[in-house]
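Labels run A, B, C and D following the written order; every chain starts at residue 1.
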Amino acid sequence: MSQKTVNDVQIAYIGGGSQGWAWGLMSDLAMEKQISGKVKLYDIHYDAAYQNEVIGNQLNERSDVVGKWRYEAVRKLEDALEGANFVIISILPGTFEEMKSDVHLPEKYGIYQSVGDTVGPGGLIRALRTIPLFVKIAEHIQKYAPKSWVINYTNPMSLCTRALYHTFPEIKAIGCCHEVFGTQKLLAQMVELLCGIEKVSREEIEVNVLGINHFTWIDQASYTGKDLLPLYREFVDKYYETGYEGSEEGHWMNNHFASAERVKFDLFKRFKVIAAAGDRHLAEFMPNTWYLENPQKVKEWKFGLTPVQWRIENKKRLVEKGYRLSKGEESFQIDPTGEEGVEIIKSLLGLRKMISNVNIPNTGQMKDVPLDSIVETNAIVSYNSVRPVLAGKLPAPVHKMIIEHIYNQETILQAALTKDKEIALQAFLQDPLVSSNSPEQNAELFEEMLSHTKNYLEGWNIHQKVN
Amino acid sequence: MSQKTVNDVQIAYIGGGSQGWAWGLMSDLAMEKQISGKVKLYDIHYDAAYQNEVIGNQLNERSDVVGKWRYEAVRKLEDALEGANFVIISILPGTFEEMKSDVHLPEKYGIYQSVGDTVGPGGLIRALRTIPLFVKIAEHIQKYAPKSWVINYTNPMSLCTRALYHTFPEIKAIGCCHEVFGTQKLLAQMVELLCGIEKVSREEIEVNVLGINHFTWIDQASYTGKDLLPLYREFVDKYYETGYEGSEEGHWMNNHFASAERVKFDLFKRFKVIAAAGDRHLAEFMPNTWYLENPQKVKEWKFGLTPVQWRIENKKRLVEKGYRLSKGEESFQIDPTGEEGVEIIKSLLGLRKMISNVNIPNTGQMKDVPLDSIVETNAIVSYNSVRPVLAGKLPAPVHKMIIEHIYNQETILQAALTKDKEIALQAFLQDPLVSSNSPEQNAELFEEMLSHTKNYLEGWNIHQKVN
Amino acid sequence: MSQKTVNDVQIAYIGGGSQGWAWGLMSDLAMEKQISGKVKLYDIHYDAAYQNEVIGNQLNERSDVVGKWRYEAVRKLEDALEGANFVIISILPGTFEEMKSDVHLPEKYGIYQSVGDTVGPGGLIRALRTIPLFVKIAEHIQKYAPKSWVINYTNPMSLCTRALYHTFPEIKAIGCCHEVFGTQKLLAQMVELLCGIEKVSREEIEVNVLGINHFTWIDQASYTGKDLLPLYREFVDKYYETGYEGSEEGHWMNNHFASAERVKFDLFKRFKVIAAAGDRHLAEFMPNTWYLENPQKVKEWKFGLTPVQWRIENKKRLVEKGYRLSKGEESFQIDPTGEEGVEIIKSLLGLRKMISNVNIPNTGQMKDVPLDSIVETNAIVSYNSVRPVLAGKLPAPVHKMIIEHIYNQETILQAALTKDKEIALQAFLQDPLVSSNSPEQNAELFEEMLSHTKNYLEGWNIHQKVN
Amino acid sequence: MSQKTVNDVQIAYIGGGSQGWAWGLMSDLAMEKQISGKVKLYDIHYDAAYQNEVIGNQLNERSDVVGKWRYEAVRKLEDALEGANFVIISILPGTFEEMKSDVHLPEKYGIYQSVGDTVGPGGLIRALRTIPLFVKIAEHIQKYAPKSWVINYTNPMSLCTRALYHTFPEIKAIGCCHEVFGTQKLLAQMVELLCGIEKVSREEIEVNVLGINHFTWIDQASYTGKDLLPLYREFVDKYYETGYEGSEEGHWMNNHFASAERVKFDLFKRFKVIAAAGDRHLAEFMPNTWYLENPQKVKEWKFGLTPVQWRIENKKRLVEKGYRLSKGEESFQIDPTGEEGVEIIKSLLGLRKMISNVNIPNTGQMKDVPLDSIVETNAIVSYNSVRPVLAGKLPAPVHKMIIEHIYNQETILQAALTKDKEIALQAFLQDPLVSSNSPEQNAELFEEMLSHTKNYLEGWNIHQKVN
């Protein structure tokens, strides 16, 4: 069975001009023997997509590339979708200018965000400009590729996926994210460290996953019959004060994406279940008095605030690299990304079967969570099928925090769909990251942030007075 | 049908030595023609119960008393329960010393509470000492009066009622509270004022009630075919700044229980549904930055912080009055209390049928609320039956706040039942009233408050170090 | 409050040319002081509607008529609907020719039906031709009177109401039926008979109602504080063999609508809850071996098979009477019908509040019944609001039978909506009334019946071979 | 990871004196490299268990046996349970004398049963005598091995498993059955036959399973990316009339367990989903007019009625064989059974992970099925964990039939637990297999059957007159 191949796979890549995610996909596809076909690249920046077409097609000529794919930039979304078996969505909603406002403007009011793309004031405003894009994408999928499987990587993940299903309820979409994998890797390292076992892979760490994207939790974990929760308690006790940095000591100080897992450890001490996302994401879901009160406190918790300026500069470097790659001045490096997109595609084609965590509407996999809200749990992915497993329910205090964010997201969705400033403010005021400011201060911040993103709020009455 | 009478009703009154509630019941019963029987008074202070026996039995000799009841103080809970058709519970858990700590100790940390008996740090600690008492009461009811109907007036209402059902799931218990009536009265006054109609009674104000006790909401209201929500919007707009005080201007400044309804009006402006409890209660369910940030802000919102010292002095006055009443030095005044207890008893006996708001376990009356949690909605009360009506669901942002408190209460229940300090702290840290303090400060406050109530925490390991 | 009046009520009557129901409404409206307005009569037979216009308008001149209404026949459905506050639907789907086939054709196969309009082969075929009509009506209501309240009297009640909600989910529709009232009357007579109380009215009999239309059950019943279930057991024991006929002994033999309640009594003996519909209806929900095996068995159970020929002749009599009434040759007799339609209208206008049984989608009022299926339980009807009460769950064996019919109805709905003969046959084969015949015999009967109703099955491929 | 071993596994085998199942387990364990340990055999016939101890321990000396296990017969249930990691239950409730009555007595009334151990009159009576045994077993497990995993093979599967959970809700029990495997094998053969592919194994046939034991259905099936439902339609069309017998033509006439799959094919034609159990079982869930009307019809459908006399004689042969095995006169043959018990044990130990169909309480895996009822769906079995996948919902007509049996089983459970003859009769009358007889005939049959099993109905008032 493993030798079976499928050779006419057609993938539509929305955001196909991206550097990071698109190159990663090219790399993973290049190493894959069982499938081949065509990738249509669509991007609002056609030139960027075209550059990726050039880069991608060069791969076919390389002898070390086993997976042969044709890349084609297209000018219209429908051209990408027509005939697609799979649709990948990985876009940046707005520009880094808007993101700058999302992330840094709240600092004026004492609100710090380590990422600013999921929850908190930044996540909310980003969602307001992203949801209309996803509504449009869903409408196009319904029209041009209703039977395709859709894989979303865009943040805010839960709301993007929610918008897809809300617009086209029969869509077959899943949201994929690697944050849980990171926690599995941490657990694998822990097993190596505390049990003296070598080469434990993250796939060998069995976990029960439940929660929402970037605020996902693990309440059962094992490694070949060994219960990892008691071990994790030991691990946390050992590294609680110093943090755990593995071989990369001090890394968290220099790398905007690294941490010493102290937030994760603290959450475990308090709630007895394992938070399964990076510390930068986790911290944003809690009241700001916990981990994000001010930059000093962030430093004590040993994680970092990611400045948007860094993203801007990084983007510049990637653009230059893209130019070099397309001109043949630099060789494209083929490395496994660690993402599961290609494995999921193979599973949906029936070439394998896998169990992994995905973001899809709740149809019962999480108990006492409203139906239709997007949750992240394990699912069995197999031929044309994604079936969630019943993940159960987290302890009441953790479940409560998840539910809070789910309802806030529901309010944000409604605000975005109805372009209603009052409803958007209701959600804004209820985000735990702003809960130590007064409603009046928060309303002021909201107005300011909204006006910075107004180019993406078509149809909104942005000057409406609300309270 | 209205002429029917029942003459052998037996009521067990737990907390029967109380001045306020017990005298109120005596008064209501004295005016009631259709039922008569016996009230057994049980109190941990037997003497107080005995004094009420004397006071109650004096009423039988008065010619203006149509409802004839025999009162009897008993020394044991089981003596009160045996043979009872109805059980009324109205107790003070602990003394005013504990309540002083509940309410005022948090002020040291900048946390102000207007009542301190329902939610917030005070409500939580009070619940920890109350739940064991209700577990014991439920066990006794199961043993001695399993078929009786139980009416609870004690706060924290939701958790007291939850503890009863948790302990004895087949119990027939309802929690009764007059806060919604107050809002109906406000709406009646509004109709009089804005429509020029005279003598509108609160019973004529039709409402759909949903939420939890003291954080109850109305999403439909009408008066003989007139939709009251648009009218309320007008009303709020008119009185938002000044507040509405009816005939009692300035009252809120002198009376610890009064308010100018400004919190209620603000909640309506923000959420478009009517908050249906007193402002002092409502404010405590919101983050403290909203209405309770400091005494000055409370004053601006025109409600009051009720000092426990006032309760202590008031109690003294009542004790003296009780003495005079029992000695015949003062005449017992018979007035309708406005409470519905007696009407509910009559309904359960089949003498009438009524629709009113009650606190009972959710069996579906509130959508997307966990089953078994105690909610407050309308119900039809008739012969041996309390059937909730399907109340629907509040707008997402309001629903979210209710759900948060429901899960926090669930955590508190679990802490109280398992005597687990860690779980109690989990709940404490998540109360919105403390959300602008850091977890470390809150943990310190928690320790201090817990030690002040330790006399009522039998079996707890109160010195356990938790984080 | 009771003196309030509403004088501009507008009612659309679909099926307004009917004799029975339309005249009943005229009669009830004529006696009603608090409301007045206009009734627009729409009927596919315009002349019949016009005749009723004449009859109705004559009433206004009579001095004994306190409720003044203007009647107007209209030629188009939209003309009736525009401006309507209330829509009443009471139509005959197809003619008596189709009904003849529904009811009597199965007799060839040994299948007897006492009514043939709800379940069984007759009810199914009737539903297939009725559902498209209700889809059309719902579409018109959505377009022309989306805010109106809709009261349906047409059978099959559950499927008609289901079709309305399926087509226009925001419709405010209720299905009303008097069968439960009949059982309340029986209980009232029982109280008079066994307790020696005089003049017990059906409204004084408190009941908890649950089930589906014509297969409704009562699991709690009381009369001013007296539990009626033990009394009913006594009553059944006394009259099980002879049946109970009240003052109308032998009536069931001569009147196609009467019975001696023996089916009802037998169901109580077997299931311990009270079946609350006429025996003719109840019998049709059970396997035919129970009560409808053959005419002899029907006679033993002392109820009757209603021949369609009787309906045809009765219709003739009514048509003649209608002619005389419209010509003034006969005086219109004003009598209360016992139907609650007018009271419901008054309640929805806010002039009163009532609790009664209605047919509406399940939103939780019946536990473990699929959401959206139409169930019959008590509801509170008040200003612009119908709120079901939580009715609980029947004993498993009765619940099972209800669920069976609910799923069969769901299958019938799907067959009618998709015009799918295979699905229709799936439902047909599963009706308990045909369960003692083989699938092959039943399929033959189905084909024959379907062809008799083909004039009303537009768009069906009626000659498709199915198995 | 696959090389890991666990060497101290302890299994309690209830029914450990059996020939079929116990020998099968010995055989599977003997071939298994990764686990070893001890099996304690408990049986009400100690001698039979002891004989199996002897047979089992002989295996250890054989060079072809890689899995080393010690067998020990014990005299008390608690001795078997203490220390057990796994409990296997495979018992015969009552003797073949009772089973004879279960299966053949109804024939007098024209009711034929092909197996008589799951549903129908035989299944019901068998359940009445089995449930008390499982209550007792569950109580012992709660007391002596509360953390163990319990694997049940006994019929009626659903009710046995239900009784375990009802008695000890925290039990970790699963019901295992090979009937679905049989259908997977049929699909594998179909793929070989129609696609010309060789050696397709049943494990390669991906299926979504849902339903209840022996009335399980498949609504999605694939083989390496090929959708098998259209193929099955083709298959059914080809073999509908003749049946499909593979290489074993005529087998169904001589083998009481074989069939030509015609029932399965007919159910597919009628309902468009694949029935996934043997025809003998499937037929019993339908009204008897479908497949079991009389022996002639059974023959036409090409399956068989299994006479209990055959079982009796077969048992005799096995007893003799057991004697020979224990005496070393015959060599124990080691062959894979095709059962998954051992693989499940390995998975629960963390040595592998598998997805397979199991019978466990519904916690949401089947939509619109009452919680707690036992359903059969796929689950992920891994270290100390069985998590069902969300299996969705079958088409309404099939769902309806499943629900009917679920409620009937619930009624049977209640009858068995309360020893209530009236409730047992309620369930009996509602079984579809008896629906073409009158309630009176069925009641008579019920009485007769009940009296034949009275030795196992301790505490019942078997002579109570019921109707």
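The working rule: a contact is a pair of C-beta atoms (placed from the backbone, for glycine too) under 8 Å apart; a residue touches a chain by one contact, two chains touch by 3 or more.
Just so we're on the same page, UniProt names per chain: A, B, C, D = Alpha-glucosidase/alpha-galactosidase.
The model shown is predicted, which means the values in this text are computed figures rather than measured ones.
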Suppose you list every residue number at the chain C-chain D interface; are over half of them used by both chains (same) or under half (different)? same
CA centroids of chain A and chain D: separation to the nearest Å works out as 44
Taking each chain's centre as the mean of its CA atoms, chain A sits from chain C at a distance in Å of 55
Which positions in chain B are in touch with at least two other chains? none
Using the contact definition from the top, classify how the chains connect: line, ring, star, complete or other. ring
Inter-chain touches occur between A-B, A-D, B-C, C-D
Residues of chain D touching chain A in the complex: 1, 4, 6, 204, 206, 208, 220, 222-227, 349-351, 353, 355, 363-365, 367, 378-380, 382-385, 387-391
Residue set of chain D touching chain C in the complex reads 269-271, 287, 289-290, 293, 368, 370, 396-397, 399-401, 403-404, 407-408, 410-411, 414, 423, 426-427, 429-430, 432, 435-439, 467
